[in-house]
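See below for the structure under consideration.
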Amino acid sequence: MSSKFQLAENRYGKTRVRLVKVTRHAHGPNQISDMFEWNVRVLLRGDFETAHTEGDNSKILATDTMKNTVYYIAGRSKATSMEDYAKELVDFLLSRNPQVSSAEVHIESVLWKRLTVDGKPHPDSFMRGSNELQTATVERAQDGEFSITSGLENLVIMKTANSAFEGYIKESLTTLKETKDRLFATSLSASWSYIADDLNFEAERTKLRAAMLKTFAGHISLSVQQTLYAMAESALEAVPSVSEIELTMPNKHCLLIDLERFGQENPNEIFVPTDEPSGFIQATVKRTA
Amino acid sequence: MSSKFQLAENRYGKTRVRLVKVTRHAHGPNQISDMFEWNVRVLLRGDFETAHTEGDNSKILATDTMKNTVYYIAGRSKATSMEDYAKELVDFLLSRNPQVSSAEVHIESVLWKRLTVDGKPHPDSFMRGSNELQTATVERAQDGEFSITSGLENLVIMKTANSAFEGYIKESLTTLKETKDRLFATSLSASWSYIADDLNFEAERTKLRAAMLKTFAGHISLSVQQTLYAMAESALEAVPSVSEIELTMPNKHCLLIDLERFGQENPNEIFVPTDEPSGFIQATVKRTA
Amino acid sequence: MSSKFQLAENRYGKTRVRLVKVTRHAHGPNQISDMFEWNVRVLLRGDFETAHTEGDNSKILATDTMKNTVYYIAGRSKATSMEDYAKELVDFLLSRNPQVSSAEVHIESVLWKRLTVDGKPHPDSFMRGSNELQTATVERAQDGEFSITSGLENLVIMKTANSAFEGYIKESLTTLKETKDRLFATSLSASWSYIADDLNFEAERTKLRAAMLKTFAGHISLSVQQTLYAMAESALEAVPSVSEIELTMPNKHCLLIDLERFGQENPNEIFVPTDEPSGFIQATVKRTA
Amino acid sequence: MSSKFQLAENRYGKTRVRLVKVTRHAHGPNQISDMFEWNVRVLLRGDFETAHTEGDNSKILATDTMKNTVYYIAGRSKATSMEDYAKELVDFLLSRNPQVSSAEVHIESVLWKRLTVDGKPHPDSFMRGSNELQTATVERAQDGEFSITSGLENLVIMKTANSAFEGYIKESLTTLKETKDRLFATSLSASWSYIADDLNFEAERTKLRAAMLKTFAGHISLSVQQTLYAMAESALEAVPSVSEIELTMPNKHCLLIDLERFGQENPNEIFVPTDEPSGFIQATVKRTA
């Protein structure tokens, strides 16, 4: 067509490259396996204008080749964290593709737990855990520094005590009743940025997650906002290498059922959990400069 | 229209009645909560022909009323198992509705686990577990006996060793390679029938599930069929009050990735897990008469 | 283990074998494509006891080979209906596998529609339709006759007029208000059995589906039960080769919102559609013997 | 805790507020209904720091009240587009809540189509269409201008001809074969920004969508990138009031099945559609300044 229009931004890559890696250790006379399951996404930015405007594929790394690269690097990598593997994958892609200006790798790790049999961990059998995902996003421009953001998603948690919601605005469309004692359920998503790229990412993740859960459990909550903020603070306290953290905490409402209509008390016991509509609370907390 | 056609079978009810029940115990100076989340379905059969043919609703218990009944019985019940609660609900519905010939209650229980904080179980905070569902189906006709079937679904498990598949039919459309060592992943569903209706259903369930998992983990598997059968046998061994058990074990294939194309070995380490197509293996095993 | 237990029933096969078939027709100087997308399941029953009890795979047709067979038969078949293709696939499997006592093929066909460009059907571009699935299940035992059941699922429909629900049982747990005018939304599933195996299945399906939809739209509904029965009758009227039909019509409730609290009328206009809980209505209607 | 940390960004609101609106027109002696189904999200930013740090809810509009507001405005609005309704809702929220600095309303509209019976449109019966969503996002700060972005999602389309992919980089990890003739399937998402806020949004949407589909169908595609760019250009050509458009076109791969292994040709006819892994192509095209 024309020069009336221009390519403003573009990126492309491969998504949902799934990968199970089993590591087999000698263990006395026996073997023991470790395993993980990852879902990898690779995205590239760069000099792809003529691909769009002229159908010139000469600078295009096929997304199928990216998929092969994910597996190839997984096979040779000794990385023990998503973040370290992603750094290797970004480096490999950038070094072989000068037409790429920056590469981003995003990984979701699915929960698998070792089976316990007769009270003992089994050497080579596993069970899927919850839908909680551990995530990592590593990005780097040619000649640039790594930007590393880790996270988690779908961590569904509930407090059955110590949650109130009072003192909010009352206006003509307000029908919600104030409560000193409600169920507080949410599906926590979090992402946090590191100030360095050579950390023990698994150890940091473990500390940060435990700090947030401890605060969630112990908090005397006056609102989702207040508990979210306290959880973010405790994360930043627990892991000094994190510069800022974003939390998203949808309010998965559990509604108290009116049984008095039927002549029966309901002393905060029987609730209907609802998926929609859902409150949505999101905030980013960072260190003061 | 006409007498050319007739109502052959019919049933109706309410599905997806969700319910969270929190039980609050005194605990020294403090309180401790237990909670569960159920998804209840009620189905009725009976004398509903004129409802279909004439729009006569005089024998119809509204499904909205069934929903209220689920909550009402949950509020007053002391049952500690799905099966016992379902029995109460079936009895209540049958006693008040002589036009109903039989009532069935099916319950799915969602996994929630108590949060651990600083190594200790927290009194009132919980975390969603895996997508594994515990199920119970209780049915009774007016003046009949309870039929009780319990089960579980979506128990996703994997063996990384001791699984082979060899010796199957080779024909002109066969391309699968034999293997002495593959990943074996499945999403187990099971349902089992009890020979009595006054059991400690939670205890029986726990024993049966542990027996199946122990067999899965320890089995030297020559096929999914063989492992399935061994798991069913161990379930029947573990719980004499179960008369028969049906297991469904889709084969969630994990395919070994060919890295030799890239000059790299893949000693049974890097796999791609696939959702489709999927093997499907199902069998019922019962006690010999 | 033992002869204390026995294999009661078993079947196995391959599920979720997905398939797109494009047929390219010459069309004057140009080409025109037809296409469909199917999801195929193959299940076999037969002499598989030693596979379960001894790990003997010598009678096992690998499920991977079934997948290859699905594609191989699709490549050579001239069938224009799911039912006719399924018959070919069943015949092929039974003829080559004497150890198989019966074979069942189930197919779901996904909706794709030809794109319209400038008011004309485009020769080779298509768009996904709704989530409605057309289904077919064909089963045959060695030396037996075909059993053919066709169906549809997920046909989501709504009436905004001519739907009432009154005169139902009022009891102590009833809170639902009677209504002469409600929204009636459902996700229709239907399956019907043919009395012959050599029909024009596509033509029969089209007639049956149109008859049901016409009745749904035109019915003065006193209940879901009554409308369901009328739809079943019209299906049996429209297609004499169908012997019986089962309909499932969950009541996807749309609740009228109370705006009078806010000083505003709501003359049956603003509703909240809900996914759960859901009414469930199911009946089979057959020809009178 | 402390002043070591600060609230950087925050927003909150209500998501998944579902709404069916039925409009009943007199129509000669009869009535005819129109209806739509929307899924509404409201998000507010503003002076909510003490809510986070002190649990002070005095400036918090409860998300339940937002839900009521969605229904209240829907009841009184005469708007015929999502965009115009969203503007009313934003105005209402901002005018009553000075503590809110900006409000954003996002709406997804679900496809419903009028039923055709005996070749004629039915006055009050409807059928769900595909999963394609029409979307609108309207945002405004106190005393600011509206920012209006419209879009669509999940528009799944396929070309069975005129799609090639050749000339891409060949390197040591490349295994993809070049093709002059492949299936090209994608799930189109698009969002576009308007330069004004008082347009006939429904008319603009219809023109833009038709232009993209026409280009998709007619394009001689050398790559997804090239087709995406051509579709974006045609959208900008068709609707001068759009300043820029972002398209996302995952490559939903359909893989040609190798039937030659079985002595059978596969002349570009039998494919396996795959959900994962998936190519991902995204670009923004704008008018040249």
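Letters A, B, C and D mark the chains in the order given here, with residues in each chain numbered from 1 onward.
Operating definition for what follows: contacts are C-beta pairs under 8 Å (C-beta built on N, C-alpha and C of every residue); 3 or more make two chains touch, one makes a residue touch a chain.
No experiment lies behind these values; they were computed from the predicted model shown.
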Requested in this report: Tell me the angle, as a multiple of 5 degrees, of the rotation that maps subunit B onto subunit C over the C-alpha atoms.
Outcome: 180
Report task. Could you compare the number of C-beta pairs in contact for C-D with that for A-D and name the larger? Result -> A-D
Query raised in the report: Looking at CA centres, what chain is most distant from subunit B?
Result: D
Report summary line: Cα centre of subunit A to Cα centre of subunit D, whole Å, reads 24
Requested in this report: Would you kindly tell me how far, in whole Å, the mean C-alpha position of subunit D lies from that of subunit C?
Outcome: 29
Report summary line: Touching at least 2 other chains, the residues of subunit B are 18, 68, 72, 173, 175, 262, 275-276
Query raised in the report: Which bits of subunit C are touching subunit D when the two form their complex?
Result: 18-24, 31, 33, 35, 37, 68, 71-72, 74-76, 111-112, 115, 117-118, 122-131, 155-162, 183, 213-214, 216-218, 254, 257, 259, 262, 264-274
**Report entry** Touching residues on subunit B, where the partner in the complex is subunit C
**Finding:** 1-18, 41, 43, 48, 51-65, 67-69, 72, 96-97, 165-169, 171, 173-176, 221-226, 228-230, 232-234, 236-237, 244, 246, 250-251, 275-288
**Report entry** Contact footprint of subunit D on subunit B as seen in their complex
**Finding:** 172-173, 175, 261-262, 275-276
